[in-house]
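One chain, chain A, links the two complexes that follow: it is found with chain B in the first and with chain C in the second.
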Partner chain A sequence: MREVAIVAFGQSAHVRDSAETSEVEMLMPVLHDVLDRTGLAARDIGFTCSGSCDYLAGRAFSFTMALDGVGAWPPISESHVEMDGAWALYEAWVKLLTGEADTALVYAYGKSSPGDLREVLTRQLDPYYVAPLWPDSVALAALQARALIDAKLTDERELAGIAARSRRDAQSNPHAQLRGALPAGVPLVAPLRTGDCPPIGDGAAAVVLAAGDTARRLTARPAWIRGLDHRIEAHSLGVRDLTDSPSTRLAAERAGAFERPVDTAELHAPFTSQEVVLRRALGLDAADGAVRINPSGGALAANPVMAAGLIRLGEAAARIHRGDSDRALAHATSGPCLQQNLVAVLEGE
Partner chain B sequence: MPDVPEVLTAPLVVEFPFTRSLGPVRSAFLTGLRERTVLGVRTGDGRVVVPPTEYDPVTAEELRELVEVGSGGTVTTWAWNPAPRRGQPLTTPFAWVLVRLDGADTALLHALDATGPDAVRTGMRVRVRWAAARTGAITDIACFVPDDGPAGEDLPAAHGGEFTDPVTLLTAPARLDYTYAPGRAQSRYLQELSAHRIVGERCPSCRKVYVPPRGACPTCGVATDTQVEVGPRGTVTTFCIVNIKARNLDIEVPYVYAHIALDGADLALHARIGGIPYDRVRMGLRVEPVWSGDGRFPDHYRPTGEPDADYDSYKELV
Partner chain C sequence: MSKEPVAVTGIGQTAHVAARRDVSLAGLVREAARRALDDAELTWADIDAVVIGKAPDFFEGVMMPELYLADALGAVGKPMLRVHTAGSVGGSTALVAANLVAARVHRTVLTLAFEKQSESNAMWGLSLPIPFQQPLLAGAGGFFAPHVRAYMRRTGAPDTIGSLVAYKDRRNALKNPYAHLHEEDLTLEKVQASPMLWDPIRYSETCPSSDGACAMILTDRAGAARAPHPAAWVHGGAMRSEPTLFAGKDFVSPQAGKDCAADVYRQAGITDPRRQIDAVEMYVPFSWYEPMWLENLGFAAEGEGWKLTEAGVTALDGDLPVNPSGGVLSTNPIGASGMLRFAEAALQVRGRAGAHQVDGARRALGHAYGGGSQFFAMWLVGTDAPAT
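On to the complex of A and B.
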């Protein structure tokens, strides 16, 4: 099989409200940054794939406007997923594996500020039985948190510790939206407090993928994608065991995550309680604390919806580029209560 | 380059008036709720799924064997919502709950009307409070309420799933409210427009002038960075005749909608043509803007009376 690596990663500053810039104005500097890191021009890229969601800003086909920032005319080879950019990366990875392209630009952006994100996300739910009740994203995550506490798999003290560790680590992440010590806060939807929840904000991210010797030429230490897989849970929340994430475990197994220990894990856990679920599913607790979890601060420090998953892959790759990691796991999620999960295993040479 | 303009914003309401077909299983379930009967569906291995699905969530096997379950059940997990939001089942603080109804093996999401978080726990008994007016929707369950009664017996019970006058469609209106912000380039454009100036932006790389500007050159992928006043006159490059009246639009049909290359612009914009019978509009027609009542944007374009433009002068912009 062809070897494919993440050779560059860039992201915007993640902010509560980016009203002064349009989507393409927010995205374009990130695209230029990530291309500059490789020395490639947009015309050199073999395939471009993006992830975004029209419901966030309430504008149909908004991704076509964002394409202006790529320089898509005359027509380039391009695709889009109405999903987090991690799934756009998956599509680009498959494209490179087929041999039809040697390089790919993957980007994602989300502006949550124009709407009410908790309300907007209800529209992704089962339209017959669930969406008419308008259960917001925090409420659904809180049901999962309560299930974990009832099962004695965590407690509010551990959750507060996850929040504190994430924002402490984010102090060295210049892109993060929330940094440093924060109070646990009031119960937003109990048992989740404001501190257990991600900030709502706007942001963008991009990576460049390259195959084989092209990757070696573009960067000193490519982050090779050793495995990549994504799986989904049953649709109805009441059918699932909310304390577990079998889809994450299966994706990790198929991606080869359990073949050897990883030294770093970037987990897309927007809520503290979801990190507990993911660590258990991925067996990260067993490794006597040897695995560095979310050194970037994770989604609790910056959660631009549609980009936050791609950022996990980018942050894990960047640690390999810098020599801070030799084998890292990156995870992305989508939907309520970790509905769909993607796992990648990245390695340096 | 002028200073960064004041950030313009405007309210934007998006409504989704979806009507969905229910299919046999959901139709029976939602009609059942209207009749105060809760139905589930039995899977191949004997489990009862409530609310029922047409396909087994594990095996994807088609499911059709409906059964009746209780209207009382047990809370499997809960979350206290101190500040109910628009559209949610109750307007006073309540608990979100997953409830496993008597006779079911899976749980249903709904609201529990309780006095406070201290009155809620996993494992507590609850029962359905039916809505007074029921239409065949999940909201026919107004909410759950605490209930001291024992678990229902002899459940699940066989049920044919047949009702008189079954509901077959679900109309699920939804509304989302946004605050739209057009960004720097379009804010500059709109501010100039309110002073009756049509100002495009030039790409620093290929030198093309885009109007309206969107902030980036789609050919070069770089920010447009120089404002250039164009028009106000322009040339119709191509057009269509609209024969269907749009909802909420007070324009008599037929009318002409056209691509117009403003003088000095490298991309055509589109607008309505007025002041000329619809069947007299032609490619090459010279036009100029007619400003709206409040003067903030061109309402439509009308003929200038100049001779038509040569095809060669606009053929690159068709």
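On to the complex of A and C.
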């Protein structure tokens, strides 16, 4: 299999409300940032792929205007997924594997501020049997948290600890939306408190992928993608064991995550309880605490929907670029209660 | 490093109608997928991954519906990707799926595209609210009509060309049992007398709004060897995009379309598309786009496309049949329309197009476009496996 690496990562500041800037204005500085890091111009890029969602923008074809931020002239080889940008990265990775391109620009953006995110996400549910009940994303995550507590796999004290650790780590992340000591907060949907839930906000991220020697030429220490896989589960919550994530485990297996221990894991866990599920599925608790989990602060510090998964891959890669990690796992999720999951294994040379 | 050759061994589509009230979204996609599996004589267990595409989620009012459709498409425990590249999405989706096989990430992939437009009003779904767009730009026709007018002015084409295309495609649709519109009593005079919607585009020169889905099974050489029916082989595939609006944009013949075709022809070793390609399924939502795309895709010199249409070259029995299936003008579940073009091209080279089969078709082009004439996806499929 062809060697492909993440050679650059950039992201915007993540903010509660970016009403003053359009998607293009939010995205452009990020695109310029990653291109500048590699010395590439837009026209040098072999393939471009993005992830975003019309339901956040509240308009059809919202990604077409974002393309203006790329400067797609002369015309470019380009695609878009209506998914988190992590899956756009997956599509671009496959493109590079075919040999049809040597470099790829991947970006994602999401503005949750124009609508009520909890309400908007209910439109993601089975349109006949579940969506008409409008169960919101926090309520569904709370069901999952309750199942975990009932199964004695976690307790509120552990969840509060995850929240505190995430925001403490985010203090050194200049892009994070929530940083530093925060109170556990009030119960939002029991057993989840405000502190267990991600901030709602707007943001964008981008990475550059490159193959083989091109990657070595573009950066001192490429973050090689040793494995990348994603799996989906049944949609109906009633047929799933919410305390487990078999799709994460399978994706990790297929990505080779269990072949050797990782030193870092960037997990896309918007709720503290979901980190518990993911750590168990990925066997990250079995080690002696040697795995550094979400040093960026994770989605609990900044959760721009549609970009937050790509940011996990970018943050993991950036740690490898900086020499802070030799082998990192990055994870992205989509759908209610971790329905769909992607796992990447990244390594330094 | 050589790519794995990609074969189409299964094709399925639903009956396309204005409103499939008899099925849910899940029922609709499953019907097409089941037919594609049957064609390939495979089961759900033989599928390694699912790649699904559709146009804006607002058409059905379901955000990222692939999450809900995972069960219906047998995707549980498998990778599932959702593509959205506007009107070209059906084509792009097939190309993303093909790359999974070409890169040897997976061996057999189910790809599917759908739209259930009866769940909403597509015309207003496509008319963006202020502040995203100026008012009075009602539907896709409102956007494209001025560009048709520009084509007419630029080439001096007679006013009747559009009606010839519409009449031809609707007649072809009579030979396609899956087509939405079966207008047995349509005449050229009726097309020309139909109400003007967006000048110069008349009602009968406009695509319908359909419910429907299309699915294909893509597989590698080993999969093709096991297939019960002849495969269509992918000889070339490409996507190109350009911005919606910019100074110097040629809406009549966009550069991205030309570049996309050139890339596909290069991969497939096509140097003279007019002679070397036996059938074309191109995305013609408004009749005049046939002559426009004939030029954009290199089948005719600039300004000459309408002459092919007028001379009957693009008829089912012409020497370059265009849209033998009846095309988008007869069937338009938007998200699936591009994949229908790709699938119909594949049916032609497999010799399985039924009453609308083009005799002896060995190489066919599938074409899709979307957005403001800015997203293009194409593939060229052939009867023979590509030389590697």
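Worth pointing out:
Basically, the second predicted complex is superposed on the first by the 349 of 349 C-alpha atoms of A that agree within 3 Å, B and C clash if a C-alpha of one lies under 4 Å from a C-alpha of the other, contacts with A are read in each partner's own complex, and residues count from 1 in each chain.
Rule of thumb we're sticking to: a residue touches a chain if its C-beta (ideal position, glycine included) is under 8 Å from a C-beta of that chain, and two chains touch if they have at least 3 such contacts.
If you're wondering where the values come from, they're calculated on a predicted model, not measured in any experiment.
Once the two complexes are laid over each other on the shared chain, residue contacts for A:191 go to chain B alone; chain C is not touched. Look at A:115: by the touch rule set out above, it reaches chain B but stays clear of chain C. When the two complexes are overlaid on their common chain A, residue A:220 makes contact with neither chain B nor chain C. Within the superposed three-chain model, A:235 lies in touch with chain B and with chain C [touch as defined at top]. In the superposed model, A:133 makes contact with chain B only, not with chain C.
By the touch criterion stated above, A:290 is placed in contact with neither chain B nor chain C. Contacts of A:335 after superposition on the shared chain: chain C is touched, whereas chain B is not.
When the shared chain is aligned, no partner comes close enough to touch A:181: not chain B, not chain C. When the two complexes are overlaid on their common chain A, residue A:73 makes contact with chain B and with chain C alike. Judged by the document's definition of touching, chain A residues 55, 59, 65, 67-68, 71-74, 120, 123, 127-128, 131, 234-236 lie at the interface with chain B and also at the interface with chain C.
On chain B, the positions that touch chain A within their shared complex are 4, 7, 9, 12, 14, 16, 18, 20, 22, 26, 30, 49-51, 53, 57-58, 76-82, 85-89, 96, 98, 100, 106-111, 117, 122, 137-139, 170, 172, 174, 176-186, 214-223.
In the complex of the two chains, the chain C residues touching chain A come out as 1, 3, 24-25, 55-58, 60-65, 67-71, 75-86, 92, 96, 99-100, 102-105, 125-126, 128-129, 132, 238-244, 246, 254-256, 259-260, 263, 371-372, 374-375.
Of all residues in chain A, those touching chain B in their complex are 19-25, 28, 31-32, 42, 55, 57-59, 65, 67-74, 113-116, 118-120, 122-123, 127-136, 139-140, 142-147, 150, 187, 189-192, 234-239, 242. Residues of chain A touching chain C in their complex: 1-2, 48, 53-55, 59-61, 63-65, 67-68, 71-83, 87, 90-91, 94-95, 97-100, 120-121, 123-128, 131, 229-236, 246-247, 250, 334-336, 339-340.
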